[in-house]
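The same chain A turns up in both complexes below, where it pairs with chain B and then with chain C.
Then we have the complex of A and B:
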């Protein structure tokens, strides 16, 4: 032990180290599923072909005209890029898993072991995402290479790249803590499957995964842009397309940071309250 | 100084009373009727370091609820408990590093992964030094004879093997207090004995304090000297296992071997429980054993005789039946 780690910093160091190790252990575990990941990625490309064909039909004859500020090529580039956003922000099985742990009582492992559930889940999910990014990097690179013709606005500058990276990382946290909050509802209602279904279906639309939010009437577009969901698909995509710049970019990123922190605190509060309820009634 | 101390532990659950039928269900939407159920009622006991104590009681008696309070999963409605000088439900990390809870019906291992991976994760969670971890793991896998199975996905293991893995996972951080809830439930006799053997040896090596619940008297007889009997949430007996028979076993079992076919008029001495050719099992009140034996020896030719306590299971069953039903407040 070095003399640097004493008292509170030392316990914090230990704690960080613990979760870092959990991250590493989970990463090894997730890499075991690489062929599964790879197949999943490739299968995800198939619907994109239909999407491209659909939008080409919609824009037919007016390829250079704009719809809600998007030319055909931009539109397709946007839809390809939302998939990158979703790699970071989607959390398959997270909320459902938490609700199941509560319902079936497997939650108790987090209560009797010296570990924090949310801390554990975030380490695990980061490992999951890392593994996914590493494994799917090649197929995605290939896809974007094949589709390079749609990206005709030029190579983004360094600032845009940095902002894009930040927006993706924050998208992970917004997506993660949002889903954790949804899962925590399980403390109050035993059955959350239908709630999950509604949230996920709605999310596909209001996050801009299906089409850019700008396609909606102005009121609804600005309404949805005030909600956290746009950060799970729309925002990172328009950032890298260079559609949000300067002050708007700064405000957008701050908004994303705000929602990440908001859901983080909400998740913690719900967990504390939920546990109190669980310890008093259930167990 | 006791390692576990419970004082007046009480846990009351509110149970929603569901009405019959559709109309009842609708009424339940706005007007809910609750019933208070006392799962654990004013239970006090102390356990000294190194003791192996069994918790006995019928289903729903409050054993598991008590274990859950001692492990900090739930708060008591009133009363308090100290385990290793900690208040369990504060769930401090220091406390959680020092105890383990094993539930026979729930598993903690990653289902799709080899147990070894779960063990590795436990090492991280408890921040165990590598050398200690490997030593403990090697000892435990040898003790339970599962060295070859740790690399197999948990879901491919048999119930008994899985339980052994659960036990290893629970012991890796060398807890000072081990709480076991039905550790051998659903296991065959061979696996049961293996688990018992492991617990016994582990206890003698490390002097760990154990509190276990079980339905199998064999577990209890093999492991524990002291029993706590709980029925309807109340502690009705706390003492040595043998004392149970003295206290609750009002009858003795007299086994007789006659020189020739057994006579048919033995009913006047006590309850005849078995007749097989020349052998007879006769249940006699404890106080009358000497008198009855004298009379029988006088009247018949006896080849062999023995006086035993009835099987522990029967005594326990009787204890459970004798205990008063709980007061249920609507």
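Then we have the complex of A and C:
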């Protein structure tokens, strides 16, 4: 066995240990702001009250008790669940931070240290999400307990739970690598904040955060379901509601995996090409 | 009094010209900001068009009455964001750094200088866009418009903006003690999210008291509801009268609170 073959697993182990340490340090840092997190989570619950009331009024004004395959209770359960999807897929400040590092030249900190920027950011974001999930678990559990009446389709089976968990984890990667790709545009255009606003505003609607994509006319619903944005809010919610099953579920999860890998590769390509253009000045 | 009002109006116009010139020196960014606002209006319209494809009315508001409500909210929110939001957002930073000293030393009313210093022209287009949606909705509703409802609408629209401004000023004043105002701005967002829906959706055992509280005690639900109702719903004179009284009370109370907060300000300089 050559030295090269022995060295490869050792170097991989060292690499995993390095990013695990970044994860741990970021987690400790994030947990320091737990009260701010908690307050933010509780405040975010309040608009849900008006959302629930709005949808009750919408269903009351309609002739059918089922709209686009959703009963009122399912609709409200869906809107509550999209918040869980967004916990995993939303990446506040990620693309803007990358663009700022490029613009201000602070990107060089990754270039002069044995740390890969994308690897560092994955560890950092995972820590951020872990802290958020841990801290917001209690208020969310309370919210879902109070709203348990809306979840009247019965307890999902084990397979659905597993599929839901997988869809949420993949939602994290789709959201993360998508934002990284947007941030990488900063190598070519100095100011991406405005582009970011457009993408995020549009994402709010086309990811199904405002309403299930099934409510849209058939052409638009099919079109948006072919895009990656549905995985950031719509897809995980309909999985746990049991609206996607069997073959459709498998195809959906494979589609989500495809988009996660696609954006991962695109982010890596953009980073490599961007670095060729990048130049930093100053002492 | 009149001379003073003219002086402040001229000063506001000058500040407006200055901020416009500043904004136009970053034209690309300015255009994208406007595009985001247009996009957001289209998303709102798409959302409610989709909803009205499946229902006839929302809490007694039919499609075009509701679209008028959406336009009114968009215009009013645009007005607040254009004139005051950025200024109030910056107040905590002025307190933290002690730069507020420079503003307090000027021979101009502190409240005016702090809340009206800058105009965010990137949001200004929301106002005509909102009025455009209202105009189109009125056209779709059809029928003659009661001539009396137009001045009532304009009066309650201005009152609504004044009430919203009062709430923003109160939240801003808290920065003197809290220094960091991120949660305060989140509170503002929550307030505005309450204003964006009709008052009639607050029905039922637990929702009804919330509706009453935010109508008569913290009257944020009056802001869009009363002007919209004056134009496309049933004109309720009692609500119009109450809105005008609430406006005066809110403006007075928020100014008193702001001045009280300023008294607690301890400069950050050494």
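As a working rule, the second predicted complex is superposed on the first by the 268 of 283 C-alpha atoms of A that agree within 3 Å, B and C clash if a C-alpha of one lies under 4 Å from a C-alpha of the other, contacts with A are read in each partner's own complex, and residues count from 1 in each chain.
We adopt the following convention: a contact is a pair of C-beta atoms (placed from the backbone, for glycine too) under 8 Å apart; a residue touches a chain by one contact, two chains touch by 3 or more.
From a predicted model like this one, the values you see are computed outputs, not experimental measurements.
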| item | value |
| --- | --- |
| Which of chain B and chain C A:50 touches, first, second, both or neither | second |
| Which superposed partner A:155 touches (first chain B, second chain C, both, neither) | neither |
| Greater residue coverage of chain A in the superposed arrangement, chain B or chain C | C |
| First (chain B), second (chain C), both or neither touched by A:113 | first |
| Partner chain(s) touched by A:219 [first = chain B, second = chain C, both, neither] | neither |
| Contacts of A:197 with chain B and chain C, given as first, second, both or neither | second |
| First (chain B), second (chain C), both or neither touched by A:145 | neither |
| Chain B residues touching chain A - in the complex, by the definition given at the top | 13-14, 65, 68, 71-75, 89, 91, 93, 96-97, 99-101, 103, 106, 108, 110, 113, 117, 120-122, 124-127 |
| Footprint of chain B on chain A - complex, ascending | 14, 17-18, 21-22, 25, 29, 105-106, 108-109, 111-115, 278-283 |
| Chain A - residues contacting chain C, complex | 36, 39-40, 43, 46-47, 49-50, 53-54, 56-64, 67-68, 191, 193-195, 197-198, 201-202, 204-205, 210-211, 215-217 |
| Residues on chain C engaged by chain A in the complex (per definition of touch) | 28-29, 32-33, 35-36, 39-40, 43, 46-47, 50-51, 53-59, 182-183, 186-187, 190, 193-194, 196-198, 200-204, 207, 210 |
